[in-house]
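Note that chain A is present in both complexes that follow, paired respectively with chain B and with chain C.
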Partner chain A sequence: MTQVLATTLVVASLYALLGAGYVLVYRASRVLNLAQGDLLTLGGYLLFAVTATVGAVPAVAVPLAVALSALTGFVIYQVLIRPMAGHPVFAAVLVTVTLGILLRAGIVLVFADRIRHPLPMLGWSNPPVALPGGSVLSAFDLATLGTAVVVFGALFAFLRFSPVGIQMRAAGERALLASQRGINFQFVFALAWALAALCGGLAGMLYACNVRLEPSLDVLGLKAFAVALVGGLDSLAGVIPAALIVAGIEVLSVRYGDPLLSDVSPFLCLLAMLLIRPWGLLGTREELDRV
Partner chain B sequence: MASGSGYFATTYEADLRLVDTPLRWSALCALVIALTALPLLASPFVLELVTQTALAAVGALALNILTGLAGQISLGHAGFIAAGAFTTAMLVEAGWGSPLATIPSAAVVGAALGVAVGIPALRLKGLYLALGTLAMHYVVLYAAGELQTRWGSNTGYTIPPPRLFGLVLKGTLSWYYALVFIAAVVLLVSVNLTRSRAGRAFMAIRDREIAAASVGIHVARYKVLAFVTSSVITAVAGALFAYYRGFVSVEAFSLFLAVEYIAMVTIGGLGSALGAVLGAAFVTLLPYAIDGVVGRLELPGGTEYYLFPAKFGAFGLLMAAFLIFEPEGLVGIWRRVRNWFALWPFRRRPLRSAS
Partner chain C sequence: MRRRHSLTLAVFLVAGGLATGGVSPTEAADPYRIGMGAAITGRFSGGYAPTYEAYKAYFKRINDAGGINGHPVEITYEDDRGEPQRAAAAAKKLAESSILMINASISATYKPYMTEAETEKIPLMFGGGVCPREAFPPASPLIFCSTSFGSKWDSRFALSFIKEQAGGKKVKIGFAAQDIPLSRIELEFAEQLAKEMGFEAIPVVVVPGAAADFTPFAQKLKDAGADWVFSWAPWGVEIGVFEALQRIGWQGNYLLYGHQQTEDELARLKAPNLYAFGGNALFTEALPIHAEITRIVKGQTTHPPHYMAEGWVSAMVLEAALKQCGWPCTREKIAAALATVTLDTKGLRGGPIEWTADNHYRKTTYYKVYRWDPAKNAIASVGGWTKLDIK
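Then we have the complex of A and B:
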């Protein structure tokens, strides 16, 4: 039982990192980023590429890979999403779908469609850790959990206290009013994309170190998408309970159901939520009428 | 139907006519003759390509009814196709392999799924609806996967060629005629739909839901009707897909298939039946075109490996380019070219903003 709880926490923190990416982009520009899963894969491969080229010093490689992930998000906004201003929202969402296709094609072209393990290249190992209560997690399971806690703490602080974070909230609420008050909302939106890519990239690096790295990891992103919706697409705080619920159901269905069911369980949560409370656990209700 | 200039409908009948001018009549006759005579001239490979385009066009036209006319977004198109294909596979396994049994059953399953997705769609708008259909896609694929692992062979189902009144549909030529004919029928249905009460209601809902309701359109009923019409045609396309490929497996119906169909209707031009057909041709022929170009280039050995991701990337790049630079799609380009000729020498300057 404690093992189920521990595994749920780890899966939930992975989903929460990805879900934060969805929420950040959605709050800023009302665009659903369906390429979040590919940003995760990209993060993993960036870590792999940096380790292979720059050097296997973790203190250099990891921050560099994280910075590159964030930079990619910034560039993606400027190149692909910004021209979609004024187009229907669905067209912008389709652009993120094509972005996913492009990222995936690029990754396969550069890195080949093979399973990789960046962990040994960094000179790290992933030993099992016995926890009180008889459950066992790997070291990177704990790292994932810790990263999620730190990232969420930082995001909450950023959005609440820092001037740029407040600007981001303002621009997300009403871009027109915000820009009249002198907020550079294009920069703020680009920053939101950078943060989303950073969250996705971090999740990808952790998953790549913990499990494996392959081009088809983007399915994780779609599952996390269910998390973002269950929590409420415009609510960062909603991501946390939603991630716990979705991950809990998934872990339980692996344990008591079959693997096929566990793959579909996040989407069943999504459907149930759409039927009962489409705006999500902590989302804003009038959101539904705005899209 | 109106073009740039020169032809003006003076009666309601003339305005509603499917084929209005003598020029269009002759173009249509030429197209019918060309499609009938094509097997005499073209190689089997070309016939195969046209056949695949026709099959894709059936699905694209169905999606166009839902997204282009009624304005309801669906990411679950691959799920509907899978439902049709798996219904066929199940019936073939049970010994009811005649198209007279499978195609109506696929249509019924499609209709049921259409209602199932359409009813939540009454509460959901825009993106939220797309998410619901996305979840539906995974649920259908899960059900299909369970069926396949529990009751099928693990890899998939083999479907024998369809047999109807002692005739067996087999070989490139007969598939060519069958699928081009079916695509033509679906094209006629969807063009005709835009002239009917239901089609006009769909378009009114797409343009402004509140305005549609205020002129007396039962929005809920017509939304569900749009879902059902689209999903019935799509499920039939899935049954045809099963027969045409001769093999059904869950792996064939990934989310990417749904994205391909969305690409067809957006690249072709949303809301236009001609656009759906053009888009279907574009998306179907693109990989073969890339193959052709690469074949001419005589690249050094070892590059074959990169061909598949390159095709994938080219597809994404073109789709993004269309979305950003040409949102009206191929049909938009075609209209501009046509109007340029129709209005020549009185060229209309494109409207520009005052900035």
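Then we have the complex of A and C:
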């Protein structure tokens, strides 16, 4: 049972990092970023590319790949999403769908469709770590868990205490009012996209080091989308219990039920949530109307 | 003005040269028209795009050297992305203009190609994807398969190998399949066969290809007490479950089918308890044919040369059949030629590929097992080729 718990925490951490990306973008700009799964894949490939370029220097390669992930989000907003201002929201959503397709094609074009493993290139290994209670996790399982904790802690602190974070919340709630108060909401939106891409990129890098890197990792984004909806699209805090519930059901269905259920369990959770509480665990009714 | 006229004249001369004198006799001759439907892009392309690349490199060399029987081989490639709907459109298009269709895609695309083959009476050769039962005796007259792996026979070999390795010790065996019909059916067959062979068999664990984490599946196998795990699935699941088992400290042995990635992955993981079996010799054996492939595909593929083996053998079969078919070569004639193909695989396989009127898989199939040998600090074969007669 402790192993089930440990595995659930790891899967939940991955989903939470991805889910945070959906929520950050939605909260700030009311756009559903359906390319979040592709930003995960891109993050993994950025780590791979940077490592191949600068060599096995993790102290340089990892921060550089993380920074490039964030920069990608910033650029996506400025180039693709910002010009959509004034158009219906669904147009921006369609842009993210197109972006996802283009990212996938671009990745195959540049990196080919082979499975890659950045970990040995970084000179790192991924040994099993025995935990109290007899469960075992890999070093990168623990890194995924730790990263999720740190990222969420940092995001909560940023949104709660930093001036830019407060501006981001304000712009998310009333963009017009925020701009009249002198908030550069375009910058704030771009920052939200950068943070979302950073979260997705981090998830991709960790997954690539822990499991594998291939162009089709975007499917993880779909599961995390269910997590974001279960938690409430406008609630960062909602992502945490939602990720735990979705991951828990997924792991339990493998362990005690039909493993094939694990593939659809996130969507079963979503369906159940839509029937019981359509605005999500910690989301608001008003946001549902906006969606 | 005069300069402009001179330039125009030069362009016409160059163009004229290209259109007439610059053409080799082979290019001027009518081509053998072949159609290939492959998962060149898309979610499943990793296992099939190398076959497409191998074909391109192989027949570029053939055409550059004068073609076959004085005629170039013109292959039309259709990217079906491993999607049945696209495959149906691709099959229709290829059947219109080809004497032979080749499929290098996932099993979900087989039905449309086979339907088209049946309707249009055009032979269909599988080269890269798992061989369908229609290629095995008694074979359908139009269906052929050069792929190294084939259902049922692979499991027969795998279980015999595990039994031999166990040396009379009772083995508890687990199975890791992917949630695709072929993988599930094969491993359910293996589970049944294992029981008949005296193994203690754990029910097949079916793994969704899109699983975020393979650990729960691995945990299920570990908790069930598997000494050996056998996996026959696309590479991602095969190796993903093994690595997850490793991460949770499992100490048993793992046997998987060795796809193109085997060589890279055995070297990456350096795990002596990971065994990979297959029908193709790894390039670590450094045979002359391996050096030849490496030289020919240089600069022409996005994959390493050792990914080409499967496609290369298939292309060799096609070349042999076209030579035998002569000119003009019709659909009937190429089907007849394929049905009597005997191909020396030059060491890429354990022996020749021989097809007969009712056996379009091969009369004899060969397997070899590889693993990482810590003593040699290299990939080593576990014994030589094992031969199985296909009846």
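What we mean here is this: the second predicted complex is superposed on the first by the 289 of 291 C-alpha atoms of A that agree within 3 Å, B and C clash if a C-alpha of one lies under 4 Å from a C-alpha of the other, contacts with A are read in each partner's own complex, and residues count from 1 in each chain.
One rule holds in what follows: a contact is a pair of C-beta atoms (placed from the backbone, for glycine too) under 8 Å apart; a residue touches a chain by one contact, two chains touch by 3 or more.
Remember, it's a predicted structure, so these values are computed and weren't measured experimentally.
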Partner chain(s) touched by A:Val50 [first = chain B, second = chain C, both, neither]: neither
Which of chain B and chain C A:Val108 touches, first, second, both or neither: both
Touched partner set for A:Val97, first chain B, second chain C, both or neither: first
Partner chain(s) touched by A:His87 [first = chain B, second = chain C, both, neither]: first
Partner chain in contact with A:Leu268 - chain B first, chain C second, else both or neither: first
Partner chain(s) touched by A:Leu260 [first = chain B, second = chain C, both, neither]: both
Chain B versus chain C as contact partner of A:Ala28, first or second or both or neither: neither
Chain B versus chain C as contact partner of A:Glu214, first or second or both or neither: second
First (chain B), second (chain C), both or neither touched by A:Leu42: neither
Chain B and chain C footprints on chain A, overlapping residues: 105, 108, 112-113, 260, 263
Contacting residues of chain C [partner chain A, same complex]: 41, 43, 45-46, 49, 179, 205-208, 210-217, 219-220, 235-236, 239-240, 243, 246-249, 261, 268, 302-303
Residues of chain A touching chain C in the complex: 3-4, 7, 10-11, 14-15, 105, 108, 112-115, 117, 120, 126, 128, 130, 136-138, 141, 207, 211-212, 214-216, 219-220, 223, 250-251, 254-255, 259-260, 262-263
Chain B contact footprint on chain A (complex, rising order): 32, 80, 83-84, 87, 89-91, 93-95, 97-102, 104-106, 108-109, 112-113, 222, 225-226, 229, 260-261, 263-264, 267-268, 270-271, 274-275, 278, 288-289, 291
Residues of chain B touching chain A in the complex: 73, 120, 123-128, 130-132, 134-136, 138-139, 141-142, 145-146, 149, 255, 259, 262, 266, 305-306, 308-310, 312-313, 315-317, 319-320, 323-324, 327
